[in-house]
Structures are given as C-alpha cells and as structure tokens.
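In the part that follows, the structures are each spelled out as structure tokens.
In the two complexes below, chain A is the common chain; its partner is chain B in one and chain C in the other.
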Partner chain A sequence: MMAATLCGKLLPKQGWLPVTQSVRHGSKAVTRHRKPIHILKQKLLAVTKYVPPTPVVPKGAYPSERQEVKEESGFVLLLKRELKKLFQDYKMVAVAQNCNSNAEDMRILKHRLHRHGIAVKFFPNQVMCSFLSDSVYSNMAPLFIGPTVLFVSKEPKVKEMLTSLRSSPQMTLLGACIDNTLLSAQGVVSYSKLPSVSVVQGELVSGLAMMTAHTASMLQRHPAHLSALLQQYVKQQSSEEAPKAEEAT
Partner chain B sequence: MAASSKSAVVLKAVKKIAVQFCPFESNVRSTREFLLFVGSEKARSTNMNCEVITTVKHDKSEPVVDVTFVDGERLLMKGAKLTTREMLSAFQSRCTAKDPQAKAGVKK
Partner chain C sequence: MAATLYTAWAVGGLTGVCRVNGHQQGPLHCHLKVLVAGLQTYEIPPDYSDVVLPAKPKLKFVNKVPNLKKPKREPKKLRDIQGPTRGADSFTQGQYGIVALGGGYLHWGHIEMMRLTINRKMDARTMFARWCISGPYKPITRKGLGQRMGGGKGAIDHYVTPVRYGRLIVEVGGKVELEEVKHILTEVAKKLPFPAQVVSRESLAALKKKHADMEQNNQNPWTFKQIVQGNMLGIRRVVSPFDVHHCGRFSGKFHFPGRV
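Here is the complex of A and B:
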C-alpha cells in the first residue's frame, strides 16, 4: 500500500525503487487487547442486534407437553433382561424391606437361605418399577419403596424362608409372587401352612372314593332295605314341603 | 431428609414403637420412611430396650404408628396424609421434651 503512494513523489529518477519498503506499519488488525470498534461499526451492530421474542408464559409455569423420552443406558437394559430371566426361572419371588442390617447379619441370612436354595438379590427400585409396569406383574410395583431385598427360589420353600426371616428382626416381609400369584404377607403365612400337593390330592381322592364306596355298599345290601330307605326319604320330603307350603300361604 | 438427619433420633424415653401398614396402598411412603429412621442403627443404639414392632397387613387400613413412652404416654400418628418430616418432627419434639426432664432430674 505504501509502495503505491511512494510512486508519486519518491521516484525522482526514472527506474528508482527504494531498497526497503515498509508495508502495513501502524495499527494492526489482530491485537492482544480488545481493539475499540469504529463508531460506525458500533452503530451498525447496535441497530442489527438480535432480540429474542418474549414468551407469553414464563418458563417453568406450565409443564412441557412433550414428554422427554430418555434412552435407557446399557446397564439398565442388562438389569431388565436379568429381571425377565428371574421371573421366568424362579417360581417364588419374595420382597422384604430391611431397615438396617449390617454385613454380618446379611452374611448369616444369605448362608441360611442358601442352604435351602433361596438366593438373595438386590435391584435398584427405579429399574424394578419400570420393568414391572411393562410386564404382567404391575401390581407389585407399590411394594418397592425404600431399601428392598428380593428372595428368589425355584421351589416355593416358604416355611424355611419364614423361619430364617424370623431370626433377623429387621427384615419385614412385604409380599411375594408365588407361581404367578401375588400374595400378601398373611397370604404367604397361610400358604406355608397348606399341606403339600400330594397330600391334598390324596385327601380329595379319598373323599370322592368314600362317596362311591358308600353308594356301592348301600346297593349291595338287600333291595328291601334300599326301598325302605327311599320311602322314608319321600315321606320326609313331603313332610318338609307341607309346612313350607303352609308358611307360604 | 437432610433436615432430619442433623438431629439424630433419641429414643431414651420410648418404650415401644408399633408400626402397621399395608404395603399395597399408595399412602404408605411416609410411614415406611419413618420406620427406616426409627429402626436405623443410630436410633436403636440410643436405647437398646426399645422395641420396634412392624405389622404388615392387607386390609386397606390406614398406616398407623403407635409410640408408647416410658411414662405411659401414647402417641398415635396416622400416616396416611402426613409427610415423613412432619411425623419425625412431632416424634422428636416429644422425645426431647421428655428426655431433658429425665436427664435434668437425674443431674439434680
């Protein structure tokens, strides 16, 4: 730039060019401090400044209509898969709340339950609730508040579990899901008092057999006995109907 | 929660605490949290003789906390519409009211 202005004056003789030429001497564009902006540029910037539109309703006054869908992290998905497997494999899933049990108590309890084949599991409540609300077992969701422990076993060994829990005073049994049926604490206690399936089946069979055996024995007797019995029965029926008819009228 | 953990629960004047609730109801949260506070190690270490009995029911009844003090007074808290803080503050105020009396009486 300077070289161009020099041409007019400092070239007395033709073909003479200065040895050194200073280019851009003076104020720099890129400075280390904040260079004061030219007044015209300042005015332009002030006029064209961005003014955002003011919202009619201040932020946070109403809840947002769109619900933020948070993607679940890999750990949460892993836990959910485990829970799904848990509910499929294990027949008995019991929920208890432990106020305060130190590591020693937990160790003893785990050992006692392991002897009967009951496993002790811990899951975060949030994951548990979200899993349960999607699955069939949604009615179990209100149980999971505060520090909860899951006792799971493949065979429903309720009596042993109750005896081990009675020895640790700080565990409170809240409910259980046995064979896809939700039971309360009292339901669990009554379930433990039930006799086993084979015993119940035997009782049922014997009861039915008794009825048929009774009928068979009655038929095997003399038919006169049977006819006498039937006549008596008819008399009783008619005598019952007569007073009933009298009461009605 | 931070406000209630500042002053630990002192159970010296308490004889028995009976908590009953139905876990399938939705108004049970405050009672359960109260139980956690009262049944914690810190609280129980202040008085080893105090019994904390929990009853789990299933009859849609209201959650109730029944506290029996050493001098025979009973505090009944129906936790259906109370928050944990309210329950704890009421309980703690009564405990501290009874406790310094006993301590001051002993010192004198």
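Here is the complex of A and C:
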C-alpha cells in the first residue's frame, strides 16, 4: 500500500522522501469474518431491502376458489361400479347407523336378515357421497354420516327388516330408498304398516264387486222375503211421492 | 393395482374366521370387519424401471496431492471463493445432491469424510453417488512454526478445492426417494466448511425460481442496481465493482439470501 502510493505519485523533487508514511493494513476482500460495512453502504442496503407484496386478503380468510380434483384410485372406481349395480338390482336400500356392535351381534343380524333375503353391505362414506352426488339419489347423501350400514334386498321386505333391527339395539334406521322413493325412518314404519299389494288388490276387487255380490246373495234367499222387501220398497216410494206432490201444490 | 391388494386382504380375512352359511363370499364383501368411515388410499410408489445404476456406484477415492512433476506455488487468489459459481450448478446424472450456500475451500480431510460417510451409509444395490468437484489442486503454502515475516513465500503445505456459492458438491441418484437419502446427505452437509443444503432437482429449481420471483414482485421502488448503476449520491465511492456486478448479494465468501 505504502509502496504503491509512493510509486504512483510523482516525487516533488529528486531525492525527497516524506517524514512520516502511514501504513494501513485493511482486511482483504474475502475474509472469514463478516467485514464491517461502511455506514453509507449500510444505509444503501437498508433502503434497498426486499419488500414482499402484501396480499389484499389475508391468507386463509376466504376458501380457495379452485377445488382440488383428486384422481380416484382403482378401488374407488370399483366400489362405485358396485354401488351402481346395487341401486339397479335392489329395490330396497335402507341405511342404518350401528354404534359398537360386536362381530357376534353382526353375524346374528346377518343370519336373521339373510333368511328374508336381505343383504348387508358396507361402503365407505366418502365413496358413497361422491357416488350419490353424481347420481339421481343425491338427496340420500345427508344420511351417510358416521358408521353406516346398508341393508339391500330385491323385494321390499320392510316388516321383517324392522323386526330384526328391533332385536339389535345398536342399529338405528336412518332412512330408505324403496322403489325409487326416499323414505325417512317414520316413513319406513308407516310403509311397513301398509297392507301388502295382494291384500290391497283384494280389497279393491271386493269393493267393486260388493254391489253385485249383495244382489246375488239377496236373490239366493227365499222369494217370499224378496217380495216382502219389494212391497216395503213400493210403500216407501209412494209415501215419498205423496209429500212431494203436496209440496209441489 | 390397489384393487388386487384389497381383494387379497378381503379374501385372506375371510378364510378360517367365519363360515357364514349361504352368504356371498368374494372380493369386496366384508363379513365381520366393519369398514371405518373414509377410505385409506395408498399412493402408487414411483416407477424406477428406467433408472440405470453405474458399474461402480460408490464415490471414488480422491488423491490428496495432484501428481505434478513440478508443483508451483500459487498466489492466494481468494477471488476463487468470492461470488456465485461459473458452472457445475445443475444436476447431470443424480437426483439429489448437496449444494454450497457459501464459499470455501475443501481439503482432503473434508473429501475423505464425505467419501467414507456416504460409502458407508448408502446402499450400493439401489443408489449411486458421484463427485461434482475435482480433487484438491490449489496449493496452500505455510511457513514453519515461529518464523518471522519475510524470507520469501513458504513451502506448499497442502492442496484444496475452491468452492463458490451455488456449486454442487456431491450427487446421489438411483432407485430411491429423497427421504431415504436425506439423512446421509444432511450429516455430510453439516460438516462442510461452508453452509450447505441437501437439494433434489425440483427443490434446486424451486430455489432459483424463488429468487427470480423475489426480483419480480419486489414492492420497493428503490433497487440496489438502479442506485449504484446511476451512481446516485456518489455511492460508488463505498461500493466495490464486485458489488456493482452482483447487486450487494455477496460479501466476500458470504451470500445474503434476503438481498434481491
């Protein structure tokens, strides 16, 4: 440093050397420690600091608009196909919630239901809800919360199902979809109280045929009885006509 | 496929546990087990069929001294530590590596430590490692103990490899994921004489992108580059030409990640 300054400057006269020569040993550019920075450079660095952009809405205030679309795994697709077949094949699909039922209770219940041709199915709620949201039965989706079990059967055997469920206290019926109609728990109970189709048909037929059957039975009785009835009828008719004629006049 | 795993599990769970008469037995029919709400889907593990492992997967031995006929004493030239790397800052063969976040010299002891640790801990059947730095070539001189100043430059004591910010030191690849390799590389990275970080290809790209994004969305109207290039307030008096070039991000061997 010293030599450099002396050689760089021109000596004022020949053979002249300054009295004092200052020797300054600064540290090199690359040091092991953090070099002290000149105050002006410190100010420059402070002024030119990075300022990140402030979001207008803080993060987490609103839910993100984009919904993450997850690719469904092969197993989920398989389950959905099963569900589709289920809704096509089975007329009655009942949903119940089971709270801590043992394997033994489950087995007994399954055996009881199997005797009436009702099958017990398990499906995960997530898969069920995603399947229902796409299908016609979207209103069934709120039923599938918590540990749910599906009781499916080809014939709507509601009475037998209710009797089996009454025996197991853990199962609580939530709702059912019978013949493409959604029913609540009370709806299912009232449906069970309805008479069967054959009974209703018989009642209808009997109602229609009641008049003819009555007349047939009357004709089968003794003719004297019939003649007495007819005379009484004629008297009634005449008694009705007389007051009517009086009213008219 | 996940479906086959589940069928195997379902069928395996049935046999010998319960023979329920007349019930359907087959895949997807759980008899005794009640499925829990929700579905555990397992991610399909990555496919490594196209990864080729080299013949010698372990790190090679590196010489302490380069074999030169006449080793010459070199000046210190500390600028080989200063600033960012000129090259060797991207992956070539491996997937994961150690990147230097500062400048420094690696001597044979560091290199041996890295070689021994990585060779001991890695699984040669599934992964390979590769040096991204050359062996020590820069001679460092030392004078004997108790010598006074003067009397010429000292003799060569040892050799070092200079490393700049952003340089890759070691690359690891193979049929492995980052988590399997991370613990090995962090152990090594902690012992290096400069700050270092374990990166994968994606994370290295993300680091570079982060800096680019910072430059893009800086809300400060005043930038170091603008003030210094225009020599506002005569600031060039206290700012070196190196800082002018690198916009105040480096000081000696240190790098400041917050500077833009």
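One rule holds for everything that comes next: the second predicted complex is superposed on the first by the 143 of 249 C-alpha atoms of A that agree within 3 Å, B and C clash if a C-alpha of one lies under 4 Å from a C-alpha of the other, contacts with A are read in each partner's own complex, and residues count from 1 in each chain.
One rule holds in what follows: a residue touches a chain if its C-beta (ideal position, glycine included) is under 8 Å from a C-beta of that chain, and two chains touch if they have at least 3 such contacts.
Here the structure is a predicted model, which is why all the values come from computation and not from measurement.
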Partner chain(s) touched by A:Leu113 [first = chain B, second = chain C, both, neither]: neither
Touching partner for A:Cys177 - first (chain B), second (chain C), both, neither: neither
Chain C versus chain B, contacts on chain A by residue: C
Partner chain in contact with A:Ala185 - chain B first, chain C second, else both or neither: first
Touching partner for A:Gly146 - first (chain B), second (chain C), both, neither: both
Contacts of A:Ala103 with chain B and chain C, given as first, second, both or neither: second
Which superposed partner A:Val93 touches (first chain B, second chain C, both, neither): neither
Touching partner for A:Gly74 - first (chain B), second (chain C), both, neither: second
Common ground on chain A, meaning residues reached by chain C in one complex and by chain B in the other: 146-147
Sites on chain A touched by chain C in the complex: 28-31, 34-35, 37-38, 40-41, 44-45, 47-54, 73-76, 78-79, 82, 98, 101, 103, 106-107, 110-111, 114, 119, 122-127, 146-147, 149
Chain C to chain A touching residues, read off their complex: 1-3, 6, 18, 20-24, 28, 30-32, 34-39, 41, 78-79, 81-82, 103, 214, 217-220, 222-224, 227-228, 233, 235, 237-240, 242, 248, 251-254, 258-260
Of chain B, residues touching chain A in the complex: 23-26, 28-29, 32-33, 35-36, 39-41, 44, 52, 54, 56-58
Complex contacts: residues of chain A adjacent to chain B: 97, 99-100, 102, 139, 142-143, 145-147, 170, 172-175, 184-187
